[in-house]
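The structure under discussion appears below in the form of C-alpha cells.
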Amino acid sequence: MAYEQLKEDVWRANMGLVEAGLVVLTWGNASGVDRKAGVMAIKPSGVDYEDMHPEDMVVLSLATGELLEGDLRPSSDTPTHLVLYREFPVIGGVTHTHSNYATSFAQAGLEIPCLGTTHADHFYGAVPLTRQLTREEIQKDYELNTGRLIVEYYQQKGLDIMDKPGVLVPYHGPFTWGADPEAALHNAIVLEEVARMVFQTRLINPQVKEIPRVLLDKHFKRKHGPGAYYGQSKT
Amino acid sequence: MAYEQLKEDVWRANMGLVEAGLVVLTWGNASGVDRKAGVMAIKPSGVDYEDMHPEDMVVLSLATGELLEGDLRPSSDTPTHLVLYREFPVIGGVTHTHSNYATSFAQAGLEIPCLGTTHADHFYGAVPLTRQLTREEIQKDYELNTGRLIVEYYQQKGLDIMDKPGVLVPYHGPFTWGADPEAALHNAIVLEEVARMVFQTRLINPQVKEIPRVLLDKHFKRKHGPGAYYGQSKT
Amino acid sequence: MAYEQLKEDVWRANMGLVEAGLVVLTWGNASGVDRKAGVMAIKPSGVDYEDMHPEDMVVLSLATGELLEGDLRPSSDTPTHLVLYREFPVIGGVTHTHSNYATSFAQAGLEIPCLGTTHADHFYGAVPLTRQLTREEIQKDYELNTGRLIVEYYQQKGLDIMDKPGVLVPYHGPFTWGADPEAALHNAIVLEEVARMVFQTRLINPQVKEIPRVLLDKHFKRKHGPGAYYGQSKT
Amino acid sequence: MAYEQLKEDVWRANMGLVEAGLVVLTWGNASGVDRKAGVMAIKPSGVDYEDMHPEDMVVLSLATGELLEGDLRPSSDTPTHLVLYREFPVIGGVTHTHSNYATSFAQAGLEIPCLGTTHADHFYGAVPLTRQLTREEIQKDYELNTGRLIVEYYQQKGLDIMDKPGVLVPYHGPFTWGADPEAALHNAIVLEEVARMVFQTRLINPQVKEIPRVLLDKHFKRKHGPGAYYGQSKT
C-alpha cells in the first residue's frame, strides 16, 4: 500500500470529526495532500465511519483528479477539495461538515462575526459567507463550482487564506482548511464552537458589538506569525 | 424461533434510536415487515430498552393485526404502524419517537421548512405536518386514526411517500419510514438534526428563506433516483 | 445493616439522577420510604455521587425525623421530603434536582404548560408553580416550609398528587414523586424533558396553544387509571 | 520530583475541566499554589489534555514568576494567575476557561444576574463583569493587566473575593478561584451551569427579576460562613 502515512492522517482527521461531534451518519469529509507525490487522499462517499479504515481512503491525482488507489468511490465533494488544493498551495488539509451551529449560520445567510477572543485566537475577523451559486453553477459541475466560489471569495477580497481558515457556503455549510488534515480538523472544531457562542451571545444581547480591533490583533498575533508566544516552541 | 432476521433488524433499529439520543425512558418504537411472510415485528410496549432482546420483538399478522409470536404486548402505537404498511407497499420499516426538536415543531404546529442542503439531501421539501385529529378520531381508535391521518395527507397531496419519508403529527411528534427498519431509523436521525438546525437558523435570522428550488433539486436527486451519484454503487 | 432494600432503592434512584444528566456536582437528592417500618432513607448531604454507596444512605424516622441509621448528615432538604411523605400516604419516593430546563422555568416564575402528548402521558395538565415563600418562611424552618408550600398548593387546588407528580418552587427548582424512588426518578426525567420541549416549542412559535382537553384525557388515561392500556400488564 | 502533591492537584483540576465539558482542544487552564513553598504550578501552554501528565505541570516562583521546574512553557495566561495569587492570599487555586455559556455572557458584555438558589448557593449575587482593558493595557503586558483588572474590580467595590469566586472579562471569558485547585474547578463548573440557566430563563421570561435578598442570604449562608449547615462537618 502506497501513501500509507497520508491515508492514516486523512483517516484520523475524518475520525476526529466524529469524535468532536461534528458529523451525523455519514456526513462530512476530510482530505489531505502529499504535495511531493502530487496526490490527494479523501474519505470514500457515504461509508459508515465506524466501518472505515485507513486503507479505505481514496487517492487521486491532484493535477487530474484521476483515481490512483482505492476500491471505493471518493466523496462526492472531491472536486471542491481539489480546487482548493490547486489554488492554495499553502494548505495541506481540508474538511467539510454539516456541524449544526456553523451550518445554521450558513442556512441563515450570515457570516459569523468575531465577538470574542476565542474566535480572535483562530480567525482574523468574521468567518466569511460566500455568494450564492447561480442556477447554472448548480446544475453543471456543482461541486467544482463550490470550490471555485470559495477561491473567488478570497481572491476578490485579497484575503490571506490562512488568516481565515474556514468559510460558509450559503444554504450548505462550512469548509475549513489548514497546513495538514489535523489542522483542518482543528479549525472545524473551532468554527463550530465559535458559531455556537455567537448564537448564544446574540440571544443574550442582540445589540452586541464586534471585538475591538486592538484586541483582535493581540489575540490573533499571539498565536500566529512571527510574534506568536502561545503554545510550545516548534523547534 | 421464526422471523429471526426480522426481529433482529427491528431490535437493532430500536436500539439505534437510543444510541442516536432520540428516545428517553421507554418512549419511541421501530418496526419492520416481512412482506412475503405477511408479518410485522415491533417493539413491545413500555419495556426498558436495556432489558430488551431480539426475541422480545412482537410479531403480528400484517393483514389482521393478530399476534403471532411474542410473550409481551406490542407497542400501543401498533395500529398506526400497521396502517402505514398496508397503504404504502414500498415501505419496510417505520419509527415513531418523541425526539425533542422534531416534537417541538409538532407541538408548535408548524412544518419544518427546507432551509439547507442537509435537509434537501433527504427530504424533498418541507417535512409536513398533518391536520389535527377530530374529537371522535381521538376518542375511538386513536392510534389507528393517527395512521389514517398520515395516509390521508400523502394521498390528498398526491405526494410520493418516499420523497418525504417522515411527517409530524400535531401535539404529538414525528413518524419516519424507509425501505427497511435501518432506513427508517436513518430518517428519524436526519429529521431530528434537520429540525434542530431550523430551530437554530430561525433564531439567528427570523427572516430566513427556503432553499432555492434548483438547489433542492440538485441535492435530493444527487442522492435519490436514476441520476444519483452519492455513496457507493449498490451492485 | 437494616433497611437494605430501601437503601439500595434510594441509592439507585440517586445514581439514576446522575445517569440521566439531571445533576451537577453534589446537587439533587432522592429518597424513599418503608411505610411499614415507618422510616425514610435519603442521600447524605454534599457527598460526591461517585463515592456514594447504598450503605451511605441515611435512615430517619418518618414520624419524628430522628436519625436511625447512617454515619453522615442527611440531605439539607430532608425536612421537605418528610413533610411530603407525611401528608401524602400514596407516595413512596421523592426527588429534588436543579435540572436545568425545569429550574429555568422555576427561575422564570412560570408553570410548564402542557403542549403535547409527551407531557400528557405523564402529567395531567401543566406542571404547577407554587407561590413564593414569605420572608418569615424563608428565615425560619426554610426546608420544612418548602414542603408545606407544596402540600398547601395541592390541598388548596384539590389536586390529586398523582395526577401531577411534580411541581416547581419559584427561584428554586423541581420536586417530583411517585409510588417508589424509581417512579419519582422517572418523573424527574420526564419533567426535565418536557420543560426542554416547552422551551424549544415557544421559541419556535410564541403563540403556541395548550393541548386540546380531549387529547390530554386520551393520553393521560391511556397510561393511568382503570382504562390504561400502555405498557405490560402488571399481573 | 519536587512539589509532587501540588502538581498532582493542579493536573487533576485541569483534567476536571475536560471531564466537565468546559474546554475544547487545548483551551483553558487551572493552577494552584503552595504558599509555604512560595510556588505556583500551572498547565503548560497549548498541550493536548490527553497527553498531559502531572509531571508536565510547570512550577514558578510566586514572587518573581521565575520558572523553577518543568520542560514546557507555562500557560500564556500565567501572569494573570500570578497577580491573583499575590493580591488575594486566601485563594489557593485559579481556573480560566472559554466554557461556552459563561463566555457568551462575557462576549455579550453583561454580568450574570442571580436568578435562583442554584446561583445563590455559590455566588453571593451577580457574577461580575470587569471593565474593558484600554488599548495600552492590551498592547503591553496584556495577561498581567487582565489580572490587575480583576483585582481592581474587587478592591474598588470592596468585595470579598470569596463571596463571588468568579468573574467575567469582557470579550474574553470567565476566571474562577477557590481555596485550592479543586474548589476553583468546582466554581468553574457552577459558573457555567448558572450561566446556562440564566440564558434559558431569560428566553423563557425576558422580564424575570433577581432572587429576593432574603432568599439569597438564606442560600449563600446555608453553605458559607459560621452558620453553614450544608454538607458534612469538616472535623
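Note that the chains take the letters A, B, C and D in the order they are written out, and that residue 1 is the start of every chain.
Criterion: contacts are C-beta pairs under 8 Å (C-beta built on N, C-alpha and C of every residue); 3 or more make two chains touch, one makes a residue touch a chain.
Please read these numbers as outputs of a predicted model, since none were measured by experiment.
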Angle, in degrees to the nearest 5, of the Cα rotation that carries chain B onto chain C
90
Same or different interface residues for chain C and chain D, judged by whether over half of the residue numbers are used by both?
different
Averaging each chain's C-alpha atoms to get its centre, pick out the one most distant from chain B.
D
Chain C and chain D: spacing of chain centres that average the CA atoms, whole Å
33
Quick check: how many Å separate the C-alpha centres of chain B and chain D?
46
Counting only residues that touch at least two other chains, what does the list for chain D look like?
203
Examine which chains touch each other and state the graph shape they make (line, ring, star, complete, other).
ring
Which of the chains touch, listed as pairs?
A-B, A-D, B-C, C-D
If we count contacts the way the header does, which residues on chain A are in touch with chain B in the complex?
24-27, 44-47, 72-73, 76, 98, 100-101, 103-110, 132-133, 135, 138-139, 142, 171-173, 199, 202-203
If you look only at chain B, which of its residues touch chain A in the complex?
115-118, 186, 189-190, 193, 196-198, 200-205, 208-209, 211-212, 214-215, 218, 222, 229-233
